[in-house]
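Several structures are given next for inspection.
The two complexes that follow have chain A in common; it is paired with chain B in the first and with chain C in the second.
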Partner chain A sequence: MAPVATPFFFYVLSGIMLIGGILVITRKNPVHSAVALILTLLAQASIYLMLYAPFVAGVQIILYAGGIMVLFLFVIMLVSIDRSIRERQFNSQRVVGIIAATALGGLFIAVYTKGKDIFPDHVLPIVENDNTQKIATMLYGQYMFAFEIASLLLLVAIIGAVVMAKKRI
Partner chain B sequence: MGQIIQYIESYLSSDKTPGAAGNMFWVLVYIMLVFTGLSVAVIAMNWLERKILAHMQVRLGPMRVGPHGLLQPIADAIKLLLKEDIMPAEADGLIFWVAPFVVVLAAFTVFVVVPFGPTHAITDMNIGILFMLGVSSLSVLGIVMAGWASNSHYPLIGALRSSAQMVSYEVAMGLAVVSAILMTSLNATGTGTLSMIGIVQAQQAQGEWFIFKFFPLGLIAFFIFAVAMVAETNRAPFDLAEAESELTAGFHTEYSGFRWSLFFLAEYSAMIAVSSIAVTLWLGGWLRPFPNLLSGSTWDLTFSLIPGVTFLFFAAMCFYNTVRMPKHPLFRIQTIGLAGFGVVLGLIGLLLFVPAVSVRVQDIFWFASKVAGFMYLYIWYRGTFPRYRFDQLMQMGWKVLLPMGLGVLILTAGVALLQEKIWHP
Partner chain C sequence: MESVLHITTLHYLVLGAALFLLGVIGVLTRRNVVIVLMSIELILNAVNLNLVAFSRMWGGLHGQVFAIFVITDAAAEAAVGLGILIAFFRNKETVNIDEVNLLKW
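The block that comes next holds the complex of A and B.
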């Protein structure tokens, strides 16, 4: 199906993402921050869907929104909220902050004004119908080695977590 | 005007889902139909669960409101809607308010891709099953939020238990699903699919439901899923999150009235959702039973009559019980009501005998009746099994189901490779 009202959905979704991102750092209550982060991640998944990357969107929902954020909330819920609310929220590193903000803002403005020259202006062919199959053949064909290395890294991390968490093995 | 009618009619002869055909009108109609159908199913399930559970425990169950308690769910709904909506004073207002909606949204959104038939799905996604698993895993967030926002001990413990349980069983469930998806790739082109419709079509093309494929591997994967899905929906015997003897009502202890009924709605529609995943992946989705053994046009005709016959049977049961109703004047309205219900069922049954209707609808009937089988199993489990202890639950998830799932996955891959390379090169 051809995309409908693409700019509208893009602006709405990125607006949600921006508001969510701001709420994450401004809320004092960590649970509220986590919920705002979930909102941001879901809006991001929708933007992946708009970019004809349904597999990435699905994985984003499962891993980030459904997996990692649950663990986040899990930990935050057990932390005393009263104490964390009384803590100082921002450390006033004004100089570093201003430098980083100007650099990032400059980059954004540069991309916005000169983006047409830097990035080639062509529309990707719609690969939605076999997106997952393409990713699979790429991961298990061309990039097999990198994929296996990544899985090995994750395995090491899992074993490390078990070793650290358990007193007696 | 003519254009509008043409636009509406343009879908009717299509062999695609309305989402794939890009017809907004029919998408909206299908969403309405699925939503209504689900709500009716939840209401029916509410009544059936009480009735069946009661009969298993040699009780009568609801008998007062309507004939055989048929109107009990409606009475309950009215009661819940009219109840006072209480929010604990120390609760976190916003999150307490949002949590039920998150759970309901997660439970209902998954039905976007559920294939009730080759054309009877709202849409068909390339990532269908992934979407279903992902969105249904979002309901954990709602449960955790509800438990935390209540700012009370029992809900918090219930939410912790529930989320630990759902996160653990998701792993075993995912492995079982992967081994079924692996089977979809065993066709001529050699590419599998995640689309829900594609999975059923793969079973049709291979002439075998995946539960019987590579016996007993498909059966074991199905068993793992069938256990994990009960844990995933927090139902007995894995209902530790709302164990009433320990935690009053678990994560929704502090909820009342309409918000509580949202949790109730979400629980039952999540049960229907996971059952329809199981039906799609292993039990051939909308396909009729015995496609190989009893094939041919005669059997096709016979099976196409079954939906109508089933409804006529229900109607006959209604009439039988109408006759058996007490002859007291106080029961007159109930008797008339039951007879009316029987007439409605009978008319639906007769409508299903019309060939044009039956061709269009029988796939929905088979899908729904398979899901109904799972719903009955849920009630049966609740009536039969005692509740697990939490450590037993975790042990079962991580030390039994997870290794079994890994083993089945590896064996399935091995057998598939053998079949591709050696037996049928």
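The block that comes next holds the complex of A and C.
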């Protein structure tokens, strides 16, 4: 099936993502930031769907918006935010930070205007029905070792988080 | 006009760069540790967007597999970071990152 009104949806979703990102870094209340981040993540999942990556989109929604953000919200509930809301929100390095970010943005613009010809204008229309199956084959075949390392990393992270958050070890 | 109406890889890369910059600004300027961690998530998401866009450009799936590994790392990073945050809050009763100065010379 041919995609319908792709540019329109791309610009709407990018707008949602950028507005969500700006809200994340400007809100006083961390809960509001977390909700804005969830909005950004959901819009990004839709953009993955536009890029014909349904499995990554599903993982994004389940793991990021569903798992990691719940972890964030739990921690926000555990720590007291009443005091931090009344404090100054930006540190004294904010001018330097914004200058550094602007320089990085200028670098990005320079690279993308110079390297514009590298990226082909017309992308191949691949419509795959077995995206998930192919990714699974690659994960358990070609990327087996990386997969095992990732599971080890998660084990280390679980133990680390428990040890860190425990009162007396 | 043609470049506005025809979505190419470059459009996705520019979106990823903008998201990356928002994350960098958040990391460098905010004082609340929770929001700094959320900004790191923004940065990782920008990288993921680039990976998936390149995967679409080349027609393969390696970029998508790599994006899944990045999501795994993001989960591990969030768990450890928030564990450190809880330990820090227990000791100092604050979530202000400027108070993290024990190793400062």
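Basically, the second predicted complex is superposed on the first by the 140 of 169 C-alpha atoms of A that agree within 3 Å, B and C clash if a C-alpha of one lies under 4 Å from a C-alpha of the other, contacts with A are read in each partner's own complex, and residues count from 1 in each chain.
The rule is short, and it goes like this: a contact is a pair of C-beta atoms (placed from the backbone, for glycine too) under 8 Å apart; a residue touches a chain by one contact, two chains touch by 3 or more.
On a predicted model such as this, the values are computed, not experimentally measured, just so you know.
Shared-chain residue A:I38: touches chain B; no touch with chain C.
Contacts of A:F55 after superposition: both chain B and chain C are touched. Contact with chain B, but none with chain C, is seen for A:A65 once the two complexes are overlaid on the shared chain. Contact with chain B, but none with chain C, is seen for A:M77 once the two complexes are overlaid on the shared chain.
Of the two partner chains placed around the shared chain by superposition, neither chain B nor chain C is touched by A:R86. Looking at the shared chain after the overlay, A:G97 reaches chain C, while chain B stays out of its contact range.
Counting the residues of chain A that each partner touches, chain B and chain C differ, and the larger count belongs to C.
In the superposition on chain A, contact of A:R168 is made with neither chain B nor chain C.
With both structures placed on the common chain, the touch criterion links A:N131 to chain B and to chain C.
Within chain A, the residues touching chain B in one complex and chain C in the other are 55, 59, 67, 71, 78, 131. On chain A, the positions that touch chain C within their shared complex are 6-7, 10, 14, 17-18, 21-22, 24-25, 27, 30, 33-34, 37, 40-41, 44, 47-48, 51-53, 55-56, 59-60, 63-64, 67-68, 71-72, 75-76, 78-81, 83-84, 87-91, 93-94, 96-98, 100-101, 104-105, 108, 112, 116, 119-124, 126, 131, 134-135, 138-139, 143, 146, 150, 153-154, 156-158, 160-165, 167. Residue ranges on chain B touching chain A, taken from their complex, read 19-22, 92, 94-95, 98, 125-127, 130-131, 133-135, 137-138, 140-141, 144-145, 147-148, 156, 159-160, 163-164, 167, 170, 191-194. Interface of chain A with chain B (complex): residues 1-2, 29, 31-32, 35, 38, 54-55, 57-59, 61-62, 65-67, 69-71, 73-74, 77-78, 128-133. Of all residues in chain C, only 4-15, 17-26, 28-32, 34-35, 37-39, 41-42, 45, 48-49, 52-53, 55-57, 59, 61-62, 64-65, 67-69, 71-80, 82-87, 89-90, 93-98 touch chain A in the complex they form.
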